[in-house]
Structures are given as C-alpha cells and as structure tokens.
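Going by the order they are written in, the chains are A, B, C and D; count residues from 1 in each one.
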C-alpha cells in the first residue's frame, strides 16, 4: 500500500513536468497550428535561467594570493562573491534561494525568447507543412542547445534547493499510516504545487479574461475572429511567449530535481509529444491529465513487482499507452471530436 | 536542353551510375574519398531513397524508419554468425525480416494519418530501441552491439580460421586497391562498390516506381486521399505497399551497414536516427528522385568531415593569414567545426528549410533556371513534379 | 424497380434530424434532380450514398446491392461516381494524370501493384484519358498542373475523372455552382450530350433552377430532411407544397 | 598469416572469373609496407577519438587536452611532464622514432557506430597508426574490435567494463584504466571497515553491459565481506528522474544503496537519493549509506555537495603525492588552468606508453609494438609500479578508494583519496569467471 502511494506521489511529480511542457506545446499547436520541436529547448533554457542566476549571484571578486600557490605553481586565487560583499547576510540568503530568485529572470527572459522566436521564425511557418515546421524547429532546438553547451559545458550543473525546502515530508503520518513509511522530499511537493498553480493560472487566464476569450475563439476559428477586426496575430504572439514562459518556469523549478544539462530538452521532447497526443491534440485539459496519467503509469511500471512480470516494461510503457490511445481513441483522452481525428 | 535531359530516364541513370562509380575519384579532392565514408554515402543514399518512396510520394511522415535499419543490421549479423560470412544471404534475410516488421508496423500505423501516424511509428521504433538496448540483450548484445566471433557456428562456411570478415564471391568487403590519380590518394574498395551497385539498382527501382502507375497512385494519396477513395482506389494497401517497400530499403541499408562493418548497435534505431533520414530527404528535396541521395551525402559529409576539423587543422587552412587575425578567425570558426559541428548542422537545417523548402534539388533548379533565363526566354520555372 | 432505391433512411446529428425517413427511387437512365432550400439534407443524403456517412436506419440499394457499410472505393467500383460541391481533384498532378488515375481505377480495380510499368507507355490508359479530357474540352490543357485551373475548369476536370470511370450512376453536387452563365450553359450541354451518348443515370443537386429544368427528367423536392414532392419538372413549378417549402424554409 | 590465406583464395577466384590482374588486394596497399599505415614521411599520425558531443563531451574535451599535451611532450615541447618521471628512458623528445608526432581528432558521440566511423576515417584517410580515447565501454569494445580487424593498435581511454579486457579482449587492444572487478576488490575492505560486515545492499544498475558487469563485480565482492544483496534493479539509461526507482529502496529493509551508474545517470540518481533523505535514514539500527563504485571528477562536480562522504573508487587523482602525478598536474595545470581528470591521465599515459613501446620495438609494426607492451613493467606515470599483463592486455596497478570531500576548498577538490589499495589486492587471474569467454587472438598488422 505504502509503495503504491509513494509511486503515485512520484508520478504526480513527473507528471507535473510533463503536464507543464505539454500544456505549452498544446497551446502553441492549438493557437498557431505549429508542431514545435523546439519546445523542449525552451524547457532547457528555463532551467539554464536558474544556472545563470546562480552564476550571477555567485560572481566572485578574484584576487591573486601573494603567498598561496596552486599545485601547478601559479598564484592561487582568492575569491569572494560580490553579493556578500554588497549585501552581507542578505546576499547569502539570496544565493541560498537562487532557484526561486531566478523565476524573476525567467519570466521576462522566456517571454522575450518566445516572442522573438514567434516573430522571427515560427510566424513564417504557419502555412507550411508540418514536416517543415518540425524540421525548422528541430534545427532551432539543436542550435539553442549547442549554444548552451558551448557556454555551460555538457556536464550537469547542480542547483540545490534552498536549505529550508530540502527536507522530507511525512505523508504517512498525515494520512494515518505509520510515521516514516511514506516520506517525500519537500521540494518535489513544492514542484507539484507550483505546477498546479501555473496550470490553474493559465486556465483562469484563458477562461476569465477577454484576452483569453479571444484566444480561445481564435483556437476554434481563426478566420472568423480575424474578420471581426481583432488583431489575432498579436495575441497569438503573446500566447507563444506565454507557452515559452510556462515551459521555462517548468525548467527553472525542475533544476533541483534533475541537475540541468544542455541535452535535457531533447530528453523531454519525444515524451511531451506523446503526452500531447494521448491527451488529445489541441486539448489543454487533456494535455494536463495525460501528463499526470503517464507520469503515474511510468512510476507504476518501474515497480519491481511489475518488472518481474514484464521485463523492460518501464522503458516502453509510455509508447504502449500512446499506441493504444491513438488506435482506440484517436482524439485522445479529452480531444474534441473531429479535431485531427483521422 | 537540360530540361530534356532531366526527363530522360536513360540519361538520368547513366549520369547517376557514372557519378556513383567514379565516387572515389570525384570525392577525393573533398577529403571524402575514403572507403568508410563512401560506403556510408551509398548506404544512407539507399536508406533515404527508400524513405522517399514513402514520405516523398505518399506524404506519410514516418518517424520510426531507423527501426527497420536496425532490424536489418541485426538480421545480417545473425546471418554472419549462424549461416555464412557471405553477404548475399545476409542481405536477403535482412530485407525479408525488415519487410516483415514493416508489414506489421505499417498495418497498424496506417490506420491513422498525419501526426498520429508519425507518433505511432515513433512509438514502435522507440520500443524497438529501448528493448534492444536492454532486455533483448541476448539477441542484440545491448550497448556493445552484436558482433561476429570466430567461434560462431556458421553452418554453411564451417569454421574458418582467422578473423571472420564479410565477403562476396571471395572478395572481402574491406579489400581496397589504393593508388594515386592526379596526385590524389584514391581508394577503390570492394565494400563500396558492392554498396554502389546496390545503390544503383535501388535507385533504378525507385525511378521505375516514380514512373509507374503505382507511383502515380502514391502521389495521388499525398495530394488528395479522399478523392482517390471516391475514385474507386483502396488507398490503404497502396500506402502499406509503399511502407513495406521503404521498410525493405531501410533493412537493405541496415544489412549493408553490417556487411561493411559487421557490428550492429542499438543506437542506430534511436529516434534521432529516424529523424536523420527525414532530414536527409528534406534537405535533398522531398519527392525528387536524386534529392534524398544528395541529402544523405550532405549530412554524412558534415558528420564525418566537419567533426574532424580541430583548431590545429583550421590553423593549417588559414596559414596565409597574419598570426593575430588567424587566431581570431580560428576561434570563431572553431565554434562551428570539431565539437561544434552539431551547431553547423542545426543552422543548416534552418537555412535550408527557410530559404529552400524544396531542398538542394530546388537550389540546383533555381541555378539552372537562372542560367537558362537569358537564352531560353520564358522557360517555365514551375515546379516539375517528381523531377 | 429503379437503379437506386433508398428506403426509410434516417440520420441524426445530435439534436438535429438531418434526414427524416427518406424514400427515393431513381430510374435507370434518367436525370433525377434533388432540390430544396439550404439545410434540407440534400448533401447529407448524397453522403449516405457514397459511404461518407452511415445512416442510422434504412437501406440504400444500388442495382440490387446494398451500399451501406461499403467503403467509398467499393461503392465507386460498384459504379457510383460523384462530383463534389467543392472540386475534389489531385491539385499537385497534371490534368492528364488526374484523369489517368480514374482510368486506372476503372481498368485495374481498387488495388493492383504495378510498380514497374510506365504510366506514359500505357497506350490504352493514355487514349482513354485523352478521350475523356477532350469530352469535357480540356485536352489542350492536359499538361497543366490541376491547381492552376479556374474553378469552372476544375469542376470539368472532376467530371472528366468521373466519366472516365464509365459509372452507372453519377452523383452531381451543384455542378455549376460558381460558374459564369456561359460556363453553366456549356456544362449543361456537356451533361446532356454525355447523358445521351452513354446512358448514365444522374442524380443532380442544384440550386440553379435554369440548370434543373434544362436537365432533369424527374425532380424530388426536399425540406427539413424529408422529400415532400417527387414529380416531373413540368408539374413541379406550380406545386403549392414546393412554394411553401421554399418560402417556409426562408423564415424557419 | 591466416588473413592472407583468405585473401589469396579470394583473389584466385576473382582472378579466374574476371581475369583481373591487379596487385594483391588488402585492407591497405601492399608492396613496400609490412603493416598497415606504415609512416613513410617525417611524421607519424595518431588518432584521438573522443566524445565531443553528447553526455560525455566535457570528459572527452579534457581527454583531448591531455592527448595534445602528450603530443607536445613527445615532440620535445613544453616541460616534458611525466616523460621526466617515466621509468623508461627510451623516448628522446624528438617524436617517435625520430618522426614528428601529428594527430587527428574525431567525435565518438558515445555511439558505437559513430565511434567506428570516426576511427575508420582516421585509419583509411589520415593513415593513423594508433587509435586511442573514448569515455564508455560500449565504444571502447566497438573500436577495439575495429582496430583488430584493421590492424592498428587501440589504446583504450576511459572504459571500466570487465568485458573490454575480458570477453571482448583483443590482441591489438590495450587498457590502462582499471575495471569493475578492481573497483569491487578495492572497495570491499574499505567498506567493511567503514560500515561493518552486516549490511544489506540494494543495487540500482544502469541497464546496459557496463552496468551489469559492475553490478556483478560489486555484488560478488560485497557478498564476500558478508553483505547481503537485497535487490538488484535495472534502470533505463538516461532516465533523468530516478524517483520511482529510489522510493522502493526506502522500505526494502536495505541499509546500503549501491549506484551502478555513470555520468549523468549517476549525478541524477545520487542527487535524488540524497533528496529522498536516504542518508538521514536509520535502518536496522544503522545509518543508511550510499556507495558509488565508479567516480569521476566531473560527476562529482555535477552532483555537487551530494557526494560528501560517499565512497567510490578511481583510477587516479591529481592530488596524489607522488612525483609523477605532481609533474603531470603541474604541466597540465600550467597549460590549461585546471587540474587533469582521471580520463585525461589515462589518455596521456596511454599515448606515452604507445610511443615508448614503439621506440623500444624500433618499429611501428603493430605486432612488434604489441610484443613490447605485453608484460611490460613500468613506473613513474602516476599509478606507481604497473604491469601491462600480456594475457589480457590489462594494466595492473594500485586502485584508489576515494570519498566525497567534506570541506572542498575549490571546485577541483571534491574527492579525497581514502586509501591506495595495493596492486596485489586487485589482481585476478586472466581466466577469472568474470573475464572468461574471450580470446586475444593473434596480432593483426593489417597487411
């Protein structure tokens, strides 16, 4: 029982990341009809916002020591972070919370990245075939990740969570089980809440603002909305930026869980497309539900008891689900009937 | 004049054959005239030509063709292990087995079209890859890759002493005649010529398919599948046939990879490998005859030549520049070659898709049109379908 | 007994009764027009004939064979061809290739793997396609890419494709929509000529009464998913039910 | 040689059927050359085949720097590095056999196919006489097999699987790096001292051949000190998030987690295991411990402070006090501004050892070079007295047991050496069951 509960928690967590990425992908596909293979790269850039912030905060004043030497004989360097120099203890706290602080960097930066991407590249591909969209965004993804690699190297860069959020939560004690059996890292719980918050915010935005309503109308029928004299293009550009921000924030907050490296976007790319398809192309709730569902299924498939019966099932479960869904219910879990249902 | 030549099949075949057979000489000045890369040009040319029969003609974008390549490779190596070091049975078995897999996967995947079809093929291929890498290690030898051992049974050859090497008619695939031509080092390799002959045959078959009623039906599927149904054509078996044929081409390429280098690794089934053949086809020109071969050559050239250029080599190239300037140029160019070759490749994809959606073939067509405009008057620049 | 017998066909889309107990009999060799206001269910009915839609109840018999449950290509191979409301052609292919596909479908059936023959070397198919292109007056444009045609020419091309199959029954969904008066008259002449020379049964949906009364031997008027009148053209004009359906349809 | 007979038979057949009278075919042109790629000019070319893209790109870059340094030293430039401390004095600093050393580089992409393609290009196009490098066992085994077929020497880079010099050993291939068996043998006594002999171990293993051989080796040696193996779980390569594999550990009754992961997988699985509070846990009255049998400096950097106090093994560390290590670290640090990694050291040493063997053999002929390397004993290359065993082409030397430093002073100081396990303790018979099933075969000069 406790094993199952733990795997559900694991699944929720992984699912949060899948859901956030798939949400952005679906938003882009739904509004612009573009298959964006660079979306994983946006997630990765978000993660590297956290790295950048950490590096910025820990920028050091370098002085050469007169007495100490490195093992290879050059004078040793004495390093003091500027931030502690300037702010004293508050600087140390800032450094401690660098992951959270980097959200401040990620939101505007990802918005800019998204808007530039849409205006500079994607917009020219609305009417082009999917294959060409895939190719050009895939090329962009490679370029982005190679730029990150040449800057930050290929090795993962650790991003510790703040000390206060590093502990464990005892779910077992909450739910009346024996204490200590169902424990879960606090940061992962934070990630889940964060993801839930973002998803909620995006839905509210689309549901309750005029802007959101126009965009939803545009998703349903772009031409008609255009005829009403509404400049739908500007709004779609903003939607692309929003999708980039969502992916970026998913990346920022993910860094304490999986140390970011330049390739992490590609690792999530295939998976996030599967999530979108399982959820139903163009369905936002579907993307979210499928994200969580696949996360949980993947966790269950990794249990030893399951793997003993089906060896290797944990490596292919996602694909099996995708095949089953596409064949049996091509519009996905929550896709509208008739949308790309062939 | 050029237009006429381009529509004359005999001329196309003759030109193609000559280009391929003279490959070792033509490519030597570009540093690509060595057997391994030549073999790769031919093998991936076959792969891309086959992929084009599916994607270029029917428009079905498979993201899982690397699986058939891998299956072909494994089958060929198993044939080397169990039957004989001769490449003939290896290739035949590779083509048959990958055809069988293509039949099953295609039958299921073709129930859907568009992006769903792509995701289905991707899912099947990723399953093949993941299983081959881990659980199926007894069959695939996992990460290390399936190898030929001197202790394998090989019931047709009996135990041969020494290193077992794939051969055809007693000629080993790795045999090379090396000579010099106009001061260049040229190498004529058995493996390459074997692949080259098969490439020419494969290209010819593809040419005939393009010109055949079957090819016409496939192009009609891409253009308007519904109309074709209402015209009394059952489109699914046509698409499935195309899928199986292109799967067999992939298996053939995989088998040849094993023949020129008897080791089959799981990573050649990964989705990035499937993506690579898509890129080759689009880069060269989707739905054109020669495009996929050009695209394959282009990408393999980048992978093998650009990744080998290091700062040392760059400095050598730029010897004529003054010291300080040279360092700067080397630093800038260094970002795009050697460990930065991926960056160049990514930029290239973007540039080609943005400016030349018809691929390299469109580029050549534009150049030809540009040259013939002053003389030829109002020569039609309209797209000539399928070459 | 007509060549096409439709009995008790019903079709619902959610809350909308698109077809309500439709009965229809089309006599062999006749030109049968179906008219009615927008939303009367004419195109829906046609869709039930060619396998695009499956009626909820009822039967559609063609030449004594049920069409229900058959795939579109099977229905076509049985001898039913359709010209769509918006021209459905192979836009990337040349006119010739468009018609040749139909010729192949007629000769080789729903599937035949002929991967080594040459399309251009097949004289029988060439001539057949050529003849049908000339019939609709497009022979001179045979090497053009179909997407470059005018809307009227596209429709004629589609007609040529359908004719190339020598269908027993030709379904025409607004064959002159969007055409100029001259083109419309040409098309009427064409359809008349072909009707006489080949004896193909035709079902025509049309809004243009000029076309309807020029062509039809028999007219069915539909309103709100049901045929309300079926009669010869000369009797339709004065029928009060028809007038009511058109006027009533306008403010319903 | 058997290969030649094969060729001749083939030639007779073709000669009969085609009537072609060309010179005898071989992998490379015959005639004046007794072996493949015999250097005829004033230079000799070595091939450095390292990962430049993919997950091990940084490790590959470091390795490449070491190779470039080795070339400098061989050509008599720079301060000479470990050439000054090397027990053999055959190398003069004038290249190899008087020929200036040139090199070509290539990208393995950490894929067997790409690595073989790159190595083939070096052999066929650039006429390299020796290929070296690599950062994973799959690639090492694949390239080693290729070099055996082609008839050049392969000096393996970072490869830790038993198979490289076990069931996939080859006459033309040599490994300086240590292996999984040695890790187990070196770690077990230290673990016994640190954690006692009554422990229950849970293995998480990367699901491919290297992971399996390490799991087998570590399980065997920990069981030998009385530990019980509770569970062995395979994890897919590149899983990213390992939480679903880590949570079952919590309530499994195990009190030690052994992570048979490398690179990114290790960084992530270790980080996450620490996040799940494993190290704060008390099980069976003991503190829960984590062991990472194979460490690397880059992995330690990637895992950050999570490595603190965690045991593992290493081939070499730049902080070792011996003269050779100091000389190399000085030379490398002055050149590049950072201390060398163990991947760099093994690469450097392999290049030097090859050059030295050629010098001693007096020829580049692979068969003679192999003879010079086999059962060769040397010292002064950073690992103390070392033997290149002829029976399986594995180097035998001391193995380091290291621990994540508790208070690292800088980013290069993340690991501290706990003990230097003497060579006797990690030596095994060449037909040990974990290494059985392979045969070296005969040397192949490629001609």
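Basically, a residue touches a chain if its C-beta (ideal position, glycine included) is under 8 Å from a C-beta of that chain, and two chains touch if they have at least 3 such contacts.
A quick note: this is a predicted structure, and the numbers were derived from the prediction, not measured.
Visitor: Can you give the shortest number of steps from chain A to chain C, where adjacent chains in the path must touch?
Guide: Minimal hop count between chain A and chain C: 2.
Visitor: B-D or B-C: which has the larger count of contacting C-beta pairs?
Guide: Between the chain pairs B-D and B-C, B-D carries more contacts.
Visitor: Just how far, in Å, is the C-alpha centre of chain D from the one of chain B?
Guide: Taking the mean C-alpha position of each chain, the two centres sit 33 Å apart.
Visitor: State, to the nearest whole Å, the distance from the C-alpha centre of chain C to the C-alpha centre of chain D.
Guide: Chain centroid spacing, chain C to chain D, equals 74 Å.
Visitor: In whole angstrom, how far does the Cα centroid of chain B sit from the Cα centroid of chain C?
Guide: Centres of chain B and chain C (C-alpha means) sit 45 Å apart.
Visitor: Just give me the whole-number Å value for how far the CA centre of chain A lies from that of chain D.
Guide: Each chain reduced to its C-alpha mean, chain A and chain D end up 36 Å apart.
Visitor: Enumerate the residues of chain A that touch no fewer than two other chains.
Guide: 315
Visitor: Two or more other chains in contact with one residue: find those residues in chain B.
Guide: If we look for residues of chain B contacting two or more partner chains, we find 130, 134-135, 342.
Visitor: At least two other chains touched by the same residue of chain D: list those residues.
Guide: 53, 57, 207, 234, 236
Visitor: Taking the top-of-page definition of touch, could you list the pairs of chains it picks out?
Guide: In this structure, the chains touch in these pairs: A-B, A-D, B-C, B-D.
Visitor: Okay, in this complex, where on chain C does chain B touch?
Guide: 50, 71-74, 76-77, 81-82, 84, 88-94, 97, 100-102, 104-106, 108-120, 122, 125, 145, 161, 165
Visitor: Please name which positions on chain B make contact with chain C in the complex.
Guide: Result: residues 208-209, 211-217, 219-220, 222-224, 226-235, 237-238, 241, 245, 382-383, 385 of chain B touch chain C.
Visitor: Quick one: in the complex, what on chain A touches chain D?
Guide: 2-3, 6-7, 9-11, 13-14, 17, 70-74, 149, 153-158, 160-161, 166-168, 181, 183-185, 187-188, 256-259, 261, 263-264, 267, 298-299, 302-304, 307, 314-315
Visitor: Enumerate the contact residues on chain D facing chain A in the complex.
Guide: Contact set of chain D toward chain A: 53-59, 207, 231, 233-234, 236, 238, 240-241, 243-245, 247-248, 250-251, 264, 267-268, 271-272, 275-277, 280, 298, 301-306, 318-319, 326, 329-334, 339.
Visitor: Could you list, by residue number, the parts of chain D that touch chain B in their complex?
Guide: 1-3, 5-7, 9-14, 17, 22-23, 25-29, 52-53, 57, 60-61, 103-107, 111-114, 116-118, 120-121, 124-125, 137-138, 141-142, 145-146, 148-150, 163, 168, 207-210, 234, 236-237, 441, 444
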